Each structure stands twice: as structure tokens, then as C-alpha cells.
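Below are two complexes that have chain A in common, paired first with chain B and then with chain C.
Let's turn to the complex of A and B:
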């Protein structure tokens, strides 16, 4: 608590930027709901609560413009006579947009967006302007109670956030106290930031309140970090709020106190509260009562987490810290394999030593704990995809409106967990896919009716686990992609020849939509319906070592399926040797390992292929070209899949399977995309992890006539090439 | 009150070069180097520096020597630049030199044109000439790429000739 006020302000603002995103998101969601059920007053109230919280928070941070706008909107909403609720939803959308623009502007220090048009709209909503003014006074009255407005706002912020958090037991105690003729008061005390011993201070305040009546609930928990900043009590008492406030105001510990009446004593008639704050108190009490009274239907209607409730067992941690822990776990895993190697050597040297078993036991135990540790740390980074999916309803609504479509968004599997980094990275590609699905996939309502489909199209977002991967799907029931047209277009653009195009499987042809340049041609987007920026989608997925596949039926719809790794940091890998160097590839890309002879390798169009059972696989020779005339040499072929296609990698020898902690190569010095990262083995050796899509692409890019033996030697360095070129009996066999 | 520059001197070929001591992280013996495919030839590869992956550049090749034999005296200078570590293979690392700031001359203009724009100056210490290097230029991706490409072309041309 030794931070200077300035630093605290900055911290507070950072916190606000974070939480405000959620609030704006909640506002969007509520507005969407309201649009569907315009008559539901509960939603309007919930919007009001959200806006109220936003107002309090922004005022606490000194973001005046934002809090004023929020205040204005809140006022308009609090009028029961507010105009039709559909208009409210419309304005709520606009407000949410302006809010997020403002927040971004504050954050980046840029110019604030214009709000005049919006405030005018809001004013129109207010049919009785007088009433609005009294509301304005209410805040003023409340302010007079505290010394500074920012401080007040922060207290009210705490209070409003806390409203929903009483447990059932506490609520029961409240209503009991109420029945026995006591007022139930909600007391929020803000602990002086300069107080030397906030926890001790907390106890003092607690004792003080305890003398007034039974304390029903205390928030936050003493152990929570927020405990040093503020305390909330719910107390049942016969005293007036003023008496309580006076009692709590312990100099140097408590900066300010706000007392609200949650429930009035049943027996007593509504007491007329003194002071200017009375109206505020009553109003807030009303709002609070709505929330605190056990009202199951309402509670069920509020989606979990739509109002950011500061739960005590929830931590906001900087991602960097978790990454740090994950790094350390990575080092431990390296250490584990070091130990394993030492043990292996030990076993070899002293096969009869009894100590060996003890070592092995201890190591097995350690390995198990390490596994758990790794999984737990990785779980910290995991967040439900819902965090991403919940952005979409609003977007779908807007895009559908723009394009004149009727679209329903169906979301499933939102509880599926995904690494936060990956989630953030796929936000843009996914947005793109959904937008495409609406604007190009779904037909206009008239067209759909003509086709005998329901006029409302469906866009489906789905996520689920599959093995070591997470699959995210975007499906529409629109017109699908016309593969024939893609073929024609690919030919027109010179990407392929008519013969090639006709030989191509549907899947291969569909892959053209991910080609850069293919998408930018305007006709393509019109005829095929897909494309703009699909190469961007593809490149993001490449970076993540993820893949995308398309599944389409003409006239019935399209599914884009993203296959994402669970985490970016640690992979199971297969290690192998090429040219006396060790390399690794992700194990989940390997289908099987085949052994064969040079003689089994055939050449088709200068490409080497291998017949495996009844399939013909293109081969990629990672090392030097095949020595001529040699038909007996044994070969290892790793059968891999890259974007649904199979390839064989010819390697020199296999090393084994290992868990690798991925470390990035210095991208500024190594511009190669063949290698996606490096890792350190137990014995300190460095192993490079190959980027399979790039390896495959490298080979595909070389046209047969240019390459001679192009599908070989990918992993040779310049020095190797020079060396090989100098010894013609190995290299120059073209 | 002339300022002194603290320079770590090292040999590449016959010349003595120097980098500011502040940019030096440490000097290590040459460990096993993992080559990276598709990289320019003066980029030797990556090493494991106590759990960190550090890319290593062979300064001898960078300065135009074709065949650089490995010797026992070879060292890797690990330098820190813009928050990242990079290794430089040198023939030997010798000494820490103190050069008065006024004993440093600007590099001749011909250096700038000859692709050696990483030279910041020439220092004179007791009759010897020390070539002072600028880390940011030496490790700048732009200079590496252009150099790398020209190398690529050369090798490609060679391969074609064969």
C-alpha cells in the first residue's frame, strides 16, 4: 500500500479497462436479449445495472466523459415510462459501441468519439425530462456525503458489484432479521489507502459494527487481496444508517462509509429517511432488493458471468507470470529426461546394483508429479471458448442486417477449454469465417424461400475436444461452395492447368480458396461465395501449428473446421536423424512409420512416390538425393498428414519419442519457415522442430522442370550443399 | 578529461575487432552447434546456452572468409542486443582495451559502400588498429537479409553452373 496515488490511479485504470470490456460485452448481450423480448422489464433493469457499474467505475478512474454518458443513459433507463423497449435495445447497441470506442480512446490517449448524436437519442428516450433531473440530484446528494466524488464512486462501484453476491444462507438470515423487526443495512467501508495495517483495521471496523447488531455477511474474505481496500458488511440492526456510519468512521483506518438499507423492518412502516440521501438510499435499496430477494426466475435468467461479480476465489493474473511458471515446468521436464538418461547409463554400467530399483521408483514418482504439474499449469492458461463465442451474437446480428439476411446463431460446446494465447489468435480468423458464412454462404430470405429452405439461415459455432486437439467449427446452411467454379477460376489465374484441375480431388480444389491472391479477385467472391482474406486465416493457423479443412455441399452449406493444438508450449514429438542432425516433428501429425527399400521408391513426373498398401504417397526426401543405382538401402518413411493429405518423409534413422518444450528461434536472424522452433534435450543437445505445412509447401512450390531432384535435400544447409556439390559421386546425379 | 571507451578485442582473420564491453554478455567455448536449414551460410545455427536457444553467426564467414577451420582457441562472444542474445564465432578473444574517445577515427567512406556498414570507427591503441563494430548494424535483419540473398544467388549460380 505504499504506492503513490498516481500509481494507484494508473493501476485502477488498467483494472477498469479490463473489466469495462466485460461490461460492454454484457451490455451487448443484454441488448440482444431485449431485442428479442422487448417487453421484458427485467432485462432493462439488468442493462441499467450494467450501465450503472460502468458509470461508477469510470467515475472512479476520472474518465468524466464516459461516466457522464453512462449516467445519462442510466437515467433514461430508470424511467419506468421509458419509450418502447425496442428503441432501448437500439440505443443500448449504439451506447455499447460508443463506450468501447471511448475506452479505446482513453487507453490509447486518442481523441474521444463524438457522443452528441447519441446523447440526443438518449434524451428522446426520456419522455419526462423533469424526472431525469431529480435523478441527477440524487447523485449530487450522494456526493455531498463523501468528500470527493471519485472516492464515492469507487465505493458505489464496490457496492453495486457486490449486490448479487450474497449466498442463499445470508439471504435467509436477512429476511429473518427483517421479519424480527430489524433493518438490514448494507455497509461499505473504504479502507484508507495509507492505513498501515489494513487487516487489523478491518477487525476494528468489524468489531465496531458488531456492537450495532448481528453481522450477517462480510465481504471480501480476509484472505483476499481486496480485503485491504474495502469491506462490506450486511448487518441487521435497529439503528439508523447515520448512526452506523458514524460508528464505522474510525479515523486513519476508514476513508469513507456508505450505508444502504437493503431491507426495511417488516413491522415498522417505511421510515422516512432524513437527509438528501434518502431518495438515493430508497432507490438503491429497491434495486438491491430486486437482486437480493431470492427470486429464482430472475436468477436463472441472468446468464452466469454476465455481470462481473468479484468472486473471492477468482484471481486476475498477468499472463506473463503464468508463462514464466510454464517455462520453469519446461526446464523441469528437460531435467527429467536428463535424469532418465543418467539412469539408463547407470543401469547399463551396474545392471545388478540394487539401488537401481530405488532410483527408478523415485523417478517414476517424480515423473508422475511433473506430469500433473504440467497439466495444472497448462490448465491455468486454459479459458473456455465461450469468451470468444460470446462476441459473436452481436456481430452476427450486425452483419446479417447489413447483408439483408435473416440469420440465427447457434452456439454449442462453449465450455471447451483452449489456451488463452490460441484463443486470442483465432479470434480474427473466426470472425472472418463467420462473416463470410453470413454474407456469402447464407442466401437472401427470398432466395431461401424459393429453394424451400426456412427464410432464416443458421450459422453454427461448435467446439469440442478430439484427442490432443480442439476442433472449432463454423457451419452454415447456405449455398455451399461450387467446386467446379473454383477449378475454372484457378485455371484462369494460372494456378493450374485444365488437366491438373480435372484430376484434382474436390478437397485439393477447395484448398485454392486459401491461396493468397485467389481470394482478392472480385468475381470469385461472387461466384464461389468465399475467399476474401482466407489466406490471412490460413497464415494465422499456420503460425499456431493448426490446420483448417473445408467441407461443403452445394446448396446445403459449408463447414470450416479449425484443428487447434491444446497448447503452444509443449508438444509430444517424434525425433529422427537426417544428415547426422536431429530433428523433431509433432507426433500427432505422424500416422505411421513405414520401412522400405530404395528400390520401392518410384518416380512420377520427377516426384518420388511410394506405394503403401493401396495408396500412392508423395515422398519428401529431407536429406541428400538418392544415390543412383542403389536399390537395397533401407529407408525409414514417416507417414504424415498435413491439411488432410498424406505424405511420406524419408529420414535416415529414428531416435524416439519425447516431450519437447518449444522455444522460439530468433526470427530476426533466421527467416526460414521450415523450422517452427527449437527445443533442448536432456543431454543439452538442441533439436529443431520442423514446420510441416511449410516443408510440404516448399516442395509443392517447386515445379518439376526446375527441380530435378527437388523433393530432396530440404534440410541441407548451404554448407552441406556446397560440400555435396563438390563431390559429384554423391550429389550431381541429374 | 577525455572519455575512455571500454572495448573487448577479438581476432577474426588477421585483424583485431572490438565491441563495447557493455554489449557483451559473456564469452564461451564453441559447443555443439545445431545447423538451421535454409539459412545463409554465415549463420552457423543455434546453441544451447544454459537452457536458452541462442543463434550463432560466424563472423569469419560474415567478413568474407570462405573456409573457416575450427580451432581450439575459437570462442563465441555472446552479445546482447535489443533484448535478445546472439553469438558471434571469432578466432580468439583476447583482451579488454581502453581507448580514449579521441583516438577513434570515423571509418573511411569506402567501408560504407563495401557492405561493411557495421564499422563505427577505427581505434588506435599503441600502434595497433582496432576495428570497432556496431552491434545493431551487425545484427540488423536488413543487412543480414540482403547479404543472405546475395549469398543465395551465388550458391544458386554455382549450382546452376554445375
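Let's turn to the complex of A and C:
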């Protein structure tokens, strides 16, 4: 309330920008539905409702161009007949696009897109179906006739006849009012024949009724000549009809009043949305008589509760504020580990001190609350994946059309929650994967029929929780990826040798598709395009500490599986030492920790490997290479999984596990992608968090002849290498 | 001039107090006479909108009879300002037929009713009873005077 009108205007616009996105999205969804069921009148009505809301909202924000276009479309829809529903869907798509362009233009203060072509299309829509037009005219004639005839009749007769005149919007307001525990009354007043100022009288009656409850509809229009004789109101109120009638019997102005209950209040009252009434008021102005619904089938009131009243128990909060809270929680966690450390020292120094127990209790309590706090804050950031999945039906339709495919989109697991930041970040990669699945995965309808598959391909989007991760899958039932061709291609591009290629597992071979520029050449027709941008997909996922894996069966389809962390901000990590430096990796990547001797490490094709039980693991040596002939030195090997593959990470010593609050590193400070972030420990030490996929890739990408040395010393700087080269016996285990 | 059953304030039985606003002295006297026949009392008179506001603040009348066209401040603005300050104020606009839009505007800004010039006593009497609602001693129906 303390806001100035200007601030409120800005706030209102911001709200509009946000809510309008949802409306445009809804419009897209409805258009899709209509395209599937062109005969469904209800969908057309719901499109009209959506457009109407957009119109009203944008007009309230003073966005004239948008509201005019919406108005035009809405008008066209109210005249439209079943024959042209397909055209409606087409135009609804186009309108949705223009709307979102316009909204973006308003928001950024840029030039508005041209709407002429679209508005012409909309006009064509109204003029094309002849029967639709005549029907509209006929009913319009009928209603005006009925009005004239009732002009002479008694008010009660008029009241019973007037039920078909409410617009969709007004009906919605009525059922909302009903759901909120108000009766909806139809009031017909006859203006005193001697009243010299009927318009003023009308306003007076309007005011009087307005004191009883929100006025939903007023008929006829103030300018119409009939307005001097009768006025009809629909009002939502808790008062009795008798009270209303008494209130409306205004001396010298109203001669006769009849009140009729249209809808009885629902038993369980719900909070009313305040805008219902105010919007209805704003709507009066354009509630011209031609807006009346022609279909007699819809003349009866909508049944109670047929339109769900969404309970707006939501807060819209700027994401930055939540990030701020999360940051503070992060600081608290650092504080907690500081305390813990101090307590440990205290315990060591005064093992007999009785106070120790008290401290420990308080610490445990604080840790528990902190844990809950962290989880709650993280939950605020969580949004259902549906927010992202919702965009796809429209996109799938468009891409399928472009490529001449028949595709059905199946979505599951849309309730799975994911951090908003992650959700936003995977939008692009996921779009890319879906696009690829349609254009390169799914075969053309003829080809599918030849193969004995249904002509309509299926693209599946699925999301689910797995441990501390969220998995998002994109599956198609198309042709799959031919691994043999990838091998050939990789060799052609000089990425591998024929011998290596033949030894490569399918998974390893498939990983080539994530190499930059892998499939820019067109020879690999089956997978061409599969690799375009796949490196981008992967680099985005790496940044998120997420991974992607491929699962494909020739002729049966492909699944891309994204493994995403629940949140970006805090991870459980394993801390270890390499070359007297502290590093961390996400704990969920660690399968087990093994101890071994240098003598157990073997060289195979320039790779260092370790036989662990009956598995051979490629090793990643982060520190300096083992001294020649050293077989006794003990080694720690962290067994990790990266993209479903196991590796052994050779480290010097282990520090322990800890919850790390990740601080992002800017690219000026760190030019390597081997490190994905840093964190501060309780004692103020800084630890670098390794980006495991990048580390693995770094090793895999090295050319074979370099492999022997370069496999080692990944994390050493140039000066470190120099130092080690000069004094090979220095350094080593801590 | 015909006689009317007196309308008193229902809370204390005292005469209803009026503020009459019109730039014409004749019109004010005319209205004052009618009011007396209703058993009412003229609390104050004003010849323009500004005076009307200060007189309202001083006397807190039960009913304001407000002309529309006046010097300095028009009746609509005066009515609006009074209602903003005192939402409970009962303002009846008094105007000629030609000013219908102005009356609609005044009603939208919080005026309670209107009468048409030349004012007929029986019309004004009914309007006043209606506007007073339950607060008038000659009350009409239940539910009025919200």
C-alpha cells in the first residue's frame, strides 16, 4: 500500500511478464490439444479464455498492441465454427509465438514484431466459414429481437429468458464466486419511465448493487437505447434476494425489481480471488451484446466446480534472494566445521574436561538443525521438471513437421524436483537431444512401415531420482546409432588407430560422438548430425557436475541419460592430497577406496592399469610418475565412475569426507576445466574440486605416443614439473 | 407547500443536519426551505467546492446536497475529496438533466445519489429517506444502509 503508483505499475508489469509466459504456454498446449481433437468445442473455449485473460491483463498494464491483437483473436474465436478448428489451432500457434515475441519486446523495450500478417489471418478466420457467420448473425438477430419483445413484458419474464447471455468470462467469474461461498443472483431492474437521467440512474443502481457484492455482469450496454428501460445485473453476494431487491428499489429511479438465484453458493467456502470482481468490472465496458453465446447447449450454467479454482497459495520470489539465503547457509556450514575443529582440538587438549560432553551435544543439535535448514532452503530452489518438459510438446510437433516425421511425445516423471538453476541450464542440451532424436533417430514414416514399426515414432522424456541424483532420459525408438560406423569415422578423423578402435568397447566408441566436430562430415549418414553440438551438450553437463551416457541398439532406438546433481551449491566430497595439495571430488562418484603397491600397477598400451579383484581398471595418475623400479611404495587408489565407466585415481593420501559449499571460480582465475570449483574448509584452507569428466577426458584425448608421461602429473603446474625434473627424489607421499 | 412526515436521525432522534452547496443563493434558500419541511436542519451552506470541504470538516453534516457547476471547485471534485476523507459522507448531487455524464462521474467517485434540477420536494424527500437508510427514523427496508 505504501508503494507509489509508479512502483506498483512496474511491479504489475513484472507480474504480467511472468504470468503471461504461463498463459502463452497454456495457449500452446491448448492449440496442440485442438490439433489432436479438432472437434472439441471445449478446447476452443479454453483457448478463448486464455486469450481473454491475456487481453485483460495486457490492457491493465497498458500494453495496447498486445491487448488489441488478443481482442481481435478472441472476437474471431467467439464467431468461429467447428469446420475451421484446424485453422484455429494453426493461428493459435502463430498467435502464441507473436505474443511471446511481443512480451519479450515490451520487456526489453525493443521494437514490436509485425502483427499485420497474423491479424489478416485472424480476419480470414472470421470470414471463411459461411455457416459460422450466418449462425452468428442469426443468433445476434434473435437476441436483439428477444430483447425488444421483452422490453414490454414484465421483468420476471425477462429474467427467466436472459440466461444465455453471459460470456464465457462472466460464467467463469460466476462459478468462482459460487465456489467461494456466494450466491450468484440475477437482478433485473426496470427504470422508472419518468426518470429523466436513466444513465445516471443506471450508475446509481450499479453502485447500490455493488455494495452487496461484486458485480459480475451488466446488460445492456450503457449506450444502447434499451438501457433506458431495463438493466440486468449479475451479482455475487451473501445477501438474500429480498435484501438485494430492497436495496435496488431506489425511489424515483427504479420502478420494479426482480431477483433470481442463478447459482447457489457451494457449501464449503473458499477464499475469493479479489481480481475476479475487479476484472469483471473492467469487462463491463466491452461486454457488448454480440458477445452472447449462440450455442443453446451451453446456455445452461456450468455445473458447480467444473472450472477448478486454483488456490493461489504461492509466493513469487526472485531467485537471487534464495541464492542469498543459500549462500548464508553455506557460510553457516563452514562455521559449523570451524566449531567442530575447535571442539576436536579442545577434546585433544583436555580429554578429562566435563564440558566436552556439553559442547558435543550442542554441536550435534546445531548440526542437525543446520542440516534441516540446508535441506529446506534447497527445497525452495526445487521445481518440478514439468516446468521444462512442458515446452516440449510444441517443439516436438514443429520439429517433426519440419523433418517429415510422425512423432508422439511421451512424458513421465514430470513431478520430479530439480534445482531451478540446473533445470534452466539443461534446457538447451535437452532441447538439442530431443531435436536430434526426432531428426536423426526417428525414421521417416515410410521407412518405419517397411521395418515393421508403427509409422508414428515415440520420443520419451523421463525423469526420476536415483540416490542423490536426478536422472533425465531422452529415448527414441528410431534407428539407433551404428557403433561400427563411429569406429570407422573416429579412425578417419585420426582420433584413434584401427587396432585401438577394434579393442574399444561400444561405450568407449560411443563417447566419440561427444567430441567436438565429430560428425560435421556427412559420410556417416545414419548418425550425421548426432554429433553436432553434442560436445556443447557435454560441456554444459560437465559444468553442472553432471554426466551424460548413451545407450543405443541398432534399429531399436537410443537413450541419452543425463545424471544431474540435486543441487549445485553443496556437495558431499572426498578430500585427498596429491603433491602436497588438497583436492576434492564428489563423494557420489567414489565407489571404493583401494590400497595397493606401485608393483601392482601395470602398463598396457601406454596406459597404467591396475587389476582389482577380477577387473582391469585404467589408472589416472594425478601426481608425478612413479620412480623407476619402485615397487614397494604404497598407493591409495580411489575407484570412481565417470559416465558409467570405472577408473582408478592415484592419490597420495586421504583427508576425509566433508560437506563442501561450492564457490564458483571465474574463468580469469582458472583457465583449466580440470577444476570445477573451490571451497573453503573450516580451518580456512582452500580446496579445489576436480571436474572428473574433464580429467578423464583429458587422459583419453591424449595421443598414444604422449600417453606414457602425460598420463601423470595432470595437476602439476609447469614449475612443479621443473622442480620434479630437477630433483626426482623430492616430493611424494605425505 | 405540502407537509412531510419528519425524518429524524435514528440514533438520537435529532433533526437530520444538512450541508447545502450551491453557488446560487436562491437555490440554497430553496433547498433550505424544503429541508425544513422534512424536519431537517441546515448545518451550513457553501457557495463553492472549497468552502464545502471546510464546512464539511467543521460541521460533519448527515447529508450534503451538492451542486455540480460552481466556481473555484466543481461539485464532482469536492464530492470526491470529501468522500476520500470521510467515506461515510452521504452526498446527493443536485443537477440539471444536461449534466448526466457528470452525475455518473460523481456517482463513480462516491456520491450516494442524485436529484434533478428543478428539485421537486417529494423526490428529494424519497431520496433522502433512501440515502439515510437505517440511520433515518423513517426507515424503509432491511439490509439498506450498508
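Just so we're on the same page, the second predicted complex is superposed on the first by the 518 of 734 C-alpha atoms of A that agree within 3 Å, B and C clash if a C-alpha of one lies under 4 Å from a C-alpha of the other, contacts with A are read in each partner's own complex, and residues count from 1 in each chain.
Just so we're on the same page, a contact is a pair of C-beta atoms (placed from the backbone, for glycine too) under 8 Å apart; a residue touches a chain by one contact, two chains touch by 3 or more.
A quick note: this is a predicted structure, and the numbers were derived from the prediction, not measured.
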{"item": "Chain B versus chain C as contact partner of A:181, first or second or both or neither", "value": "neither"}
{"item": "Larger contact residue set on chain A - chain B or chain C", "value": "B"}
{"item": "Touching partner for A:684 - first (chain B), second (chain C), both, neither", "value": "first"}
{"item": "Partner chain(s) touched by A:555 [first = chain B, second = chain C, both, neither]", "value": "neither"}
{"item": "First (chain B), second (chain C), both or neither touched by A:581", "value": "first"}
{"item": "Chain B versus chain C as contact partner of A:247, first or second or both or neither", "value": "second"}
{"item": "Partner chain in contact with A:211 - chain B first, chain C second, else both or neither", "value": "second"}
{"item": "Touched partner set for A:454, first chain B, second chain C, both or neither", "value": "neither"}
{"item": "First (chain B), second (chain C), both or neither touched by A:203", "value": "second"}
{"item": "Chain B versus chain C as contact partner of A:404, first or second or both or neither", "value": "neither"}
{"item": "Parts of chain B lying in touch with chain A, wherever the complex brings them together", "value": "32, 34-41, 43, 45-48, 51-55, 57, 84, 86, 139, 141, 144-145, 148, 151-152, 155, 158-159, 162"}
{"item": "Touch list for chain A against partner chain C, complex", "value": "196-197, 199-200, 203-204, 207, 211-212, 239-240, 242-244, 246-247, 249-252"}
{"item": "Complex contact set, residues of chain A against chain B", "value": "331, 334, 581-582, 663-666, 668-672, 674-675, 678, 680, 684-688, 714-722, 725, 732"}
{"item": "Contact set on chain C toward chain A in their complex", "value": "97, 100-101, 103-104, 107-108, 112-114, 116, 123, 126-127, 129-130, 140-144, 146"}
